[in-house]
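As structure tokens, here come the structures.
The following pair of complexes shares a single chain, chain A, combined with chain B in the former and chain C in the latter.
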Partner chain A sequence: MRARIAVLALLGVLVLMPYLWMVAASVKPVSEIFRASLSIWPEQFAAAENYGKVLARVPVLHYLWNGVVVCGGILLFQLLFAVPAGYALAKLRFPGRGIAFGAVMLGLLVPPHVPALPLYVAASGMGLLDSYTALIAPFTISAFAIFLFRQFFSALPDDLLHAARLDGMGEWSIVWRVVLPNAWPAATAFAIFSVVSHWNDLFWPLIVVQGHEHATPALGVLYFRSEEAGDDFGAMMAAAVLMTLPLVLAFLLAQRRFVEGIATTGLKG
Partner chain B sequence: MRRLAGEAVAGALMTLPAGIAYLLLLLLPTLATVLLAFTDYELGATALGWIGLDNFREMLADRGFGVSVRNTLVYVGLVTPISILGGLGLALLVEAGAKGRAFFRAVFFLPVVSLTVAMAAAWQYLLHPTIGPVNAALRAMGLGTPFWLSSSDTVLLSLAAIGVWESIGFNMVLFMAGLTAIPRELYAAAEVDGARGGFDRFRLVTWPLLGPTTLFVLTISMIRSLRVFDTVAVLTQGGPNKASEVLLFTMYQQGFTYLRLGYSAAITLVFLAVVLALMWVQTQVLDKRVHYA
Partner chain C sequence: MAGITISGVVRQFGATPVLRGVSLTVEPGEFVALVGPSGCGKTTLMRIIAGIETADAGEIVIGDRPVTRLRPAERDIAMVFQSYALYPHLTVRENIAVPLAMRRLSAPERMPLLGRLLPGARAKRAAIDEEVVRAAAPLGLEALLDRRPGQLSGGQRQRVALARAVVRRPAAFLMDEPLSNLDAALRVQTRREIVDIHRAAGVATLYVTHDQAEALTMADKVAVMMGGELLQVASPEAIYADPADLRVAGFIGSPRINTLAAEADAAGRVTVAGLPAGLRTEARGALTLALRPEALRPAPAGLPAVPEHLEFLGDGLLLHARHAPDGTPLIARLAPEAREGLQPGAALKLGFAPGRALLFGADGRRVASRADAALVPA
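Up next, the complex of A and B:
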């Protein structure tokens, strides 16, 4: 089994290569980067210079904060819409349930790029371009979230709900006080899927955002590259490290949850 | 009776918020895209004309669009098989022993959670023709130093390599989920029946039982690579000379740079049609071939 570890280590180093060189370049002075030496370890450290330049020129923390607001806002509304709907579709009989479920299945087929043009026209018409609303609103409804919660709630025992009803609980309090606390595995899996995809999204922010004020981390990297960095690869890599770090740290702290979250949502989406 | 009526009201009320959001943010905009595709609407124009299939005719005649479709197919054709076989290989290798399993799973999965735009910038440095470490290494070995992202011969290849790097860990995780679902007894049974080596076990048990997972990963990989946009927008802008122009980037440029929304909507419909066709093929094959239950 020595061979297994050796092969894995070799492939692992290969996959990590972009990270190693990114971090290395982010602490090297420009002159050293331009010598294109093959030594990954810097001869001179210029970390303060490179990172200082990024922090002085662009509002890094503000980009990260925007990322948190946008991802948090999207997730909050997704859950607010999808949890009750998923419960109703799984456990309640009401007129139009068949149509509603059909609509969810139809929604699963449509990639987010398809409604983008009319949504852009609408946002522009309402003067909402370059705002948190424009960044958040289009993703608040997730057919996938409704589908996922419906599947998960279908497996909840009916006895649990009957007992709650006998205790005199209404359907709404059942959703928030009985169903949701039992839905954590599905909710965390979906939350990870949602945050990873929206934190990394470039397509929609590129369309609706115009300045630094509402720029997400992905746009922040892009702005820094086109406005400030030029050929200064050291500072550019420092910016890339700063913007990549938060989600990567979250991943390293909760690896198992991330992998399981992406695996369950990936296999159903 | 009262309970049933109460249930009906509660059910309707609970789906109502999602229903309204679905209508306004998903269904109507999607239908609007379908309609826009048959008009000559440009952003800011006060009127729009119904032009039937003219947008689609223009697409067929437009050499740029043809190049974009061809590039997208080449990209999908490179990224899908390599990232699936690579993902399967990694999953088998990582799952083959207990030692280092969690560590290597995390390593290969890292690109999935890394900010694509930032990593694209890192790749730009890595693949830089003169100061990039890749070419520095090639130079040290006395080999040629290609212009990776700035030559039309290698740009798609370079983007595909980045695409594989991004998605191989994702596919690995999906295959791992499929592997853990295979009952251990089947391997013991195969051994009793004379399957000795690792390859026999793979051929007789693992591969057939992974059928549904593989089909699933195939579809999802094709759709994901069909959506390639970030790396193109950051690194090449479709260049040099349209050599890395891909479907969603063409749609983005037509719609949001040239403001030709009608034409852009028509391209979006082509994209949607391909996605739907892939999903349809998947369900057809799933019904016929790879069903075991």
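Up next, the complex of A and C:
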């Protein structure tokens, strides 16, 4: 038991180290960051200076708001499309179901960089470049989400759905009132996955966004580096801390729920 | 008051026929048990009546409405599932309320938070809640209304499923092996409760089970199904005492009915292994003679048998023996006093009253027989 805790603690420290290093560097003056000796705790606090520089020079709150809009929009539409699609593929019998599911599996194999060019051309052709739509639309249909929900819904007992139909629910009601509430673990797992990957995504925003107006947090850090900071690593780390802060806070607040959601899958009986 | 009429229902899964033209009527207020071994098609038939499964041919009428092409919700029936099929994310109260809420509240009124603010929704919800409590009370669920199914025992879940079926006052109940997941003691108790619910509601009920004890104790009428066909539909007494088919005789009754190869001569006199059985019939040739275990008793004359062992049941004895001429196993249910005078291995004769013997033809159908006064009863 004690050995297990020691191993877990060691692994935890390993995983946390880069983040701690970033936080530490964000409150150090540049001279201290580049010193040859290693120390986490700063001798001289430069937090006000570093964070002040970031907040004064780039619209941090605006980037964060963009991140919330983009990630929230993507997640909303992904759930809106993937939950009914997963339900239909798992539980309804219709001609072409096998082909449709095959297409989803095929979609899983395509890396997101492959359709980037055609999507860019399409967005440009429709005059959508540098807009929330361009940031959200390409990700609204997630093959991974459909696959994940389809697998999860397959395990739901058919009798539960039959009972719902006898109780007077239509298929649409069944999806949102019976299937989704019983798929919280899958929905939470997917939400974490989706929000984290799009919050941190740099590739697509870099392609379709040109100014500060629609820049996402990751792009904001990049702008800050190229335009303002130069080699001011303290300020850059401060920018990075600010951009990752919402995700960290969201996880800490919801941690208990996530774990509960994954631990209590009591559908038996 | 509505009954259920099923006529000529056929269902195939691929090339395998599951239902071969089944017709059955459940009169208004009647409790019919559909009993048969696993895989005989009884659950499929029930699902077709509920509308969960479709029939390849045949008609279903509930009350005077043909429902064959209606969706499950439009058929006005309630079903209790073997797995209970409660909504795991809803409390007991919400589970029971679902059928009412889906029918009485409009789509906007069902919305999670906003719905409660709509005019009229509050009054409708209060009425629903009152009916939920009224349905839950007789089943002893009042104290459990705010728990979730995961926190309930199997018996309690079963009762919630019953309450959810009753609350809507449907035209008919369908019950699919509702007791099979309960332990033996609870099963007997819940059996009683289901019969009481049926009496109180007075609604046509079709009850699917593979347990003949449930069928015989609960039902007004028992329908025995095998191989996708209904073999006999009759009162429990008639099914037991007067089976129309050898398969029905073999399926109903525990221990299993004794069967012996018999023969009718040109005059219709029945013999078993060359000995007269005291019966006359119109049939000729090879027959099967069937005797309930309680019809056999040690007697001065009768079937020659070799006892093998005795089982003491408390209120009686089961004598396991073999028919001496051909080794067919025989079981006799005897009074406990009969123990004296019975020794394993010591040959004896097992007699029966000719009136209690059942004769079946080579095709398994029942053949009429009467006691033959001209012969000495075996």
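Here is the rule we go by: the second predicted complex is superposed on the first by the 215 of 269 C-alpha atoms of A that agree within 3 Å, B and C clash if a C-alpha of one lies under 4 Å from a C-alpha of the other, contacts with A are read in each partner's own complex, and residues count from 1 in each chain.
One rule holds in what follows: a residue touches a chain if its C-beta (ideal position, glycine included) is under 8 Å from a C-beta of that chain, and two chains touch if they have at least 3 such contacts.
What you are looking at is a predicted structure, and each value in this text was computed from that prediction instead of being measured.
> May I ask you to decide whether A:H162 touches chain B, chain C, both, or neither, giving the answer as first, second, both or neither?
A:H162: touches chain C, not chain B.
> Determine, under the contact definition given at the top, whether A:N182 touches first (chain B), second (chain C), both, or neither.
A:N182 contacts chain C only, not chain B.
> Examine A:S173 and indicate which partner it touches, taking first as chain B and second as chain C; both and neither are also allowed.
Only chain C is touched by A:S173; chain B is not.
> Is A:V69 touching anything from chain B or chain C once the two structures are fitted on A? First, second, both or neither.
neither
> For chain A, which side has the bigger count of touched residues, chain B or chain C?
Partner with more touched residues of chain A: B.
> Once chain A of both complexes is superposed, is A:H113 in touch with chain B (first), chain C (second), both, or neither?
first
> Going by the contact rule set out at the top, does A:A90 touch chain B (first), chain C (second), both, or neither?
In the superposition, A:A90 touches no partner, neither chain B nor chain C.
> Return the residues of chain A at which the contacts from chain B and from chain C coincide.
Common interface on chain A, chain B vs chain C: 264, 266-267, 269.
> Could you pull out which chain A residues touch chain C in their complex?
157, 159-160, 162-169, 173, 178, 181-182, 264, 266-267, 269
> Residue numbers of chain C touching chain A in their complex, please.
47, 50-52, 71-73, 77-79, 81-89, 98-99, 102-103, 149-150, 154, 157, 164, 181
> What does chain B use to touch chain A in their complex?
4, 6-12, 14-15, 17-19, 21-22, 25-30, 32-33, 36, 43, 90, 93-94, 96-97, 99-100, 102, 104-119, 121-123, 125-126, 128, 130-133, 135-137, 140, 165, 168-170, 173-174, 176-177, 213, 216, 220, 223, 227, 229-230, 233-234, 248, 251-252, 255-256, 261, 264-265, 268, 271-272, 275-276, 279
> Can you list the chain A residues touching chain B in their complex?
1, 4-5, 7-8, 11-12, 15-19, 21-22, 25, 33-38, 40, 77, 80-82, 84-85, 87-89, 92-97, 100, 103, 107, 109-111, 113-122, 124, 137-138, 140-141, 143, 146, 170-172, 175, 196, 199-200, 202-203, 206-207, 217-219, 221-222, 225, 233, 236-237, 239-241, 243-244, 247-248, 250-252, 255-256, 258-259, 262-264, 266-267, 269
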